[in-house]
Amino acid sequence: MLDKIIFYFFAGLAVISAVLTVTRRNVVHSAIFLITALLATAGIFLQLRAEFLFIVQIILYVGGIMVLFIFVIMLVNLDVAVRQMQFARQKWVALLISLALAAQVGLMFWSTGKLPGQGLLVSQAAPVDKLPPNSEEVARSLFSSYLLPFEIASVLLLVAMIGAVVMAKKRT
Amino acid sequence: MLSIEHYLFLGLALFIIGVIGVVTRRNVIVVLMSIELILNAVNINLVAFSRLYGDVAGQVFALFIIADAAAEAAVGLGIIIAFFRNRETVLADEMDLLKW
Amino acid sequence: MEAVIQATLDFLKAYWPPLLCGLVIVAVLPLIAGYIVLVERKLMADMQARLGPMRVGPHGLLQPIADAVKLLIKEDIIPQDADKLVFWLAPVLSVGAALLSLAGLAIGPAFQVAKGINIGILFVVGVSAMGIYGIVLGGWASNSHYSLMGALRSSAQLVSYETAAGLALVTGLLFAGTLNVTSIVEAQYDQGIWFGLLAPVAFFTYLVASIAETNRAPFDLPEAESELVAGYMTEYSGFRWALYFLGEYTNMIVVASVATTLFLGGWLRPFPRTHWLNFLDFLPALFMAAVGAYCVFRAPKQPTKVQSLFMLAVAGLCFVAALVLLAPVILPMLRPSLAPAVKPFYDGILGSFWFLLKVSAYIYFFMWLRFTIPRYRFDQLMRLGWHFLIPLSIINVLVIGIAMIVGSYLHLEGGWLLLVTIPASVIALIVALFILSIEQKSAPSEQGRASDSYAG
Amino acid sequence: MARTTIAENGEKQHTLLGADELILNMGPQHPSTHGVLRVKLKLDGERVIGSECMIGYLHRGVEKIAEHRSYQQFAPYVDRMDYVAAVSNGLGYCEAIEKLLVVEAPARAKVIRTILTELQRIASHLLWLGTHALDIGALTPVFYCFREREEILKIFEKYCGARLTTHAFRIGGLQYEAYDTLEKDVERFCKAFESRITEYEDLLTQNRIWLGRTKNVGILKPAEAIALGATGPVLRGSGVKWDIRKAMPYAAYDQYKFEIPTGTTGDTYDRYLVRMEEMRQSRLICLQAIENIPAGPIMAKVGKVLKPPPGEVYHSIEAPKGELGYYVVSDGTVQPYRVRIRPPSFVNLESFDKMVRGHLVADVVAIIGTLDIVLGEVDR
């Protein structure tokens, strides 16, 4: 029961603030609601006992990426932007895409168990305590099975860093 | 843990909201933020499956996605700043030239 | 509905001690922060050949309460063009993040709100880093140029110095091999030496970076009063301002506690495993007794009778504290059979004494620096961070890692590890200074350098 | 910050500010503009690309007041210009009127004037040092400086009863005889001051942060300094050896030996060193002066009502902040026809824009501090 309360609380928070992120006119408000959504997701991670991911979400997403966003929003002028038209006239496209997505996932749920080899493959869930909330487990996996992706990710970050510096640098 | 469908529906909701944001908003910064939402929705699914199967791989992939999001945000915001310096706008539909 | 109530009750039943702890912390912390401010003012006055607050209570001892009352009853001003929601939210975020991060800290082996939290120190660092939103959003919402510049400065500064601080923490964690706060301290007990001694460069880096992270002088640029009036707090007054203030001092406590836990041996006394130093256990009691004796000595010299009585009361409290501190040391000596029963008290009481002593020393160092040296300029601050501290901490992580591998080959343990880590630290320092000197040589000119100070 | 507005017809209009430009209004109520100076800074990020000093918030029309007061009545008004160096202001005014009257103060009066003026110079420089250090972020020197300044103010109080706006001198000499222990007080102060000044230098001179904040900040080349009319430590910091005490000696300065310190690069640090050395030299002058205070009258023969012959005179002295000049025109009546004052702070402030361009906001504060302006004097 407690699990359920926590899940619905965080899920509701995430969805509501996600909606507000997309609909607010003021970009800073959008960013604040996005931060709330990310924090709520972190809560979901914690509820899923992914402690390490929870703190990575907070440190990296909330403490790093979103600070960058807010920093840029402040550098870029706002009081003009608020008065401008905020939404492109693509309502129908958006509706279409989202309906298509929803239909796709709905089909997946619907077909589960009805057609062999289709839908959600729910194999036997692992026992509750199989995955202890353990950052060491993640680290071990990261540095053994996923060493190559890890290295690639670090190269990607390096490239992104250099790219960002080059992009944002003033041409003097 | 709750049944996996709970998490999948949450992920779907966030994903769709993110897509709507990407498609409808004019402000590039908000578009980037919507992309973050989409990535986040994917993370929820990954972590939920990781918990379901008791396999840490899902969490590892979520980590990679976060790293990816960081890279994307850095480059994207760099472009926005460079663009803003030249054109003084952050609206997507005014970015209609390949070169200026 | 019934189920919800049941769940809530279960939750409360399972988690009442941490909840209570949290409540106590939230209730007591403003008072503690107020008294830290008083101590700071007194110390500053002492170093500046004056007296400091003397009017409210004996030696100004009630000054924090008077200040708090003043701030609470002040008019609440919101600038006209401010973003109301964000303006309201920002100080709450600032103080909330600071308070929340306290939950992960362990003052003694028994005193930790979020007990056994697996990500321990990362939780503290990560959550306290969220305090930056309070500063940035507050600066933005005030709709004032000074506030905005303060906010921009602080976000650039925090992001830069967090890197150095994080790498310094990584160096410390290499020795500990765990993120759990309690285990980190236990690892130091097993090694018999503080990690701060094993990795002095990392400790130094963290020290400098933590000053910058808490916006203290000489890195207090976000609120540099002679340049930006009050930086991000310019438009804040009264209670909201007090919240910022509380957040700032709580952050000081947090960084001091992290440094104490990771580098200064947490709640362990100096040289915890050297038995001939066991007499150090008497030190807390002696210290409190000495303070009490001093108060008794000063009491007759007070100008009014009330003040003398007050001093005597303080002395009495000190003596009681001394007795409490003495009991867990003396009892096992008198009756060895009592030793196991007394052990938790011993750890708890003496442990928290040492922990708080170390935290106070750390904070005292912050204050001392503030009174002594001028303020950095923004570009100099960035250069110090990016050209010296970050390379230094990266190299330090590398060489300390190598040193540990070498140490494990040579089967070095405890204090003997110093044989490999000290040369490693020296190497790191030399290399970093070398990089810095190259940097300075290639720097075109003072003025050209400073141009893109936010870009750091 | 760019400011782009959308006009009615949908076209975008760029206002004067380009991208990244920002106007920052510093003052008139700002912790470090030393009073009511208002500086309008044009910023690019944190870099200053233009500045404009707006003065006049403390304007009291001192020069106009002079035309409606008798010569003696006006003397207290000059104390209110540079209110941290009132004695120097008074000295300049008294000597100017004496020149106009063609009288000379007695030798004893001149020596006592010199002692008090040099003490005032130390006091003024101490105030400058304290506030300058405070602007740059050092909290402690200001209290040490005020401790010593207090000693000087006590000497003033004992001498004439006032501490700040002293009105210590009269036209023609002195109103008050030196009190009994004046020499002893000054000697005691000077003896103690030697070690105190070392204390300040210990805190600042070799401090890396202080060096970083002051070196190469606000450079004023000698030619520029002369062209802008800068005087006093600002000029000497640029390496120009010009001191009216040596060039056109007044009071009793021709009797004493002292050095004129000069800087080399003309940056804030040089001006700091110059002022520190000036305090030492002032101390030496005081010590020399108290050794031999000639006996005799303290007041020259001037009438109760001063009626200078028609004519005009310009007299300037080396005030702590630079050349303080009085141009007095007499039409033969009891009131001056015109008094024009050349305040050093006002003229030194001219070089502000030149010094501040290309620096950061934090340097603006350091540069205002190093100019050592007093707004009472700038605005008069």
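Chains: A, B, C and D, in written order; residue numbering restarts at 1 for each.
Methods note: contacts are C-beta pairs under 8 Å (C-beta built on N, C-alpha and C of every residue); 3 or more make two chains touch, one makes a residue touch a chain.
Remember, it's a predicted structure, so these values are computed and weren't measured experimentally.
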Pair of chains joined by more contacts [C-beta pairs], C-D or A-B: A-B
Chain nearest the overall Cα centroid: C
Whole-Å gap between the CA centroids of subunit A and subunit B: 6
Distance from the mean Cα position of subunit D to that of subunit C, given in whole angstrom: 44
Separation of mean Cα positions, subunit C and subunit B [Å, integer]: 35
Centre distance in Å when subunit A and subunit C are each reduced to the mean of their C-alpha atoms: 32
Contacts with 2+ other chains: residues of subunit D: 2, 4
Residues of subunit B engaged with two or more neighbouring chains: 84-85, 88
In subunit C, residues with contacts to at least two other chains: 451-452, 454
Complex interface listing, subunit A residues touching subunit B: 3-4, 7, 11, 14-15, 18-19, 21-22, 27, 30-31, 34, 37-38, 41, 44-45, 48-50, 52-53, 56-57, 60-61, 64-65, 68-69, 72-73, 75-77, 81, 84-88, 90-91, 93-94, 97-98, 101-102, 105, 109, 120, 122-123, 125-128, 130-131, 137-138, 141-142, 145-146, 149-150, 153, 156-157, 159-161, 163-168, 170
Subunit B - residues contacting subunit A, complex: 1-2, 4-8, 10, 12-21, 23-27, 29-30, 32-34, 36-37, 40, 43-44, 47-48, 50-57, 59-60, 62-64, 66-75, 77-82, 84-85, 88, 90-93
Residues of subunit A defined as touching subunit C within the complex: 1-2, 4-5, 26, 28-29, 32, 35, 51-52, 54-55, 58-59, 62-64, 67-68, 70-71, 74-75, 133-135, 165, 168-170, 172
Residue numbers on subunit C that touch subunit A, as the complex places them: 3-4, 6-7, 10-11, 83, 85-86, 89, 117-119, 122-123, 125-127, 129-130, 132-133, 136-137, 140, 148, 151-152, 155-156, 158-159, 162, 179, 451-452, 454-455
Subunit C-touching residues of subunit D, taken from the complex the two chains share: 22, 24-25, 30-32, 45-47, 133-140, 143-144, 147, 203-204, 207, 209-210, 212-213, 216, 358-365
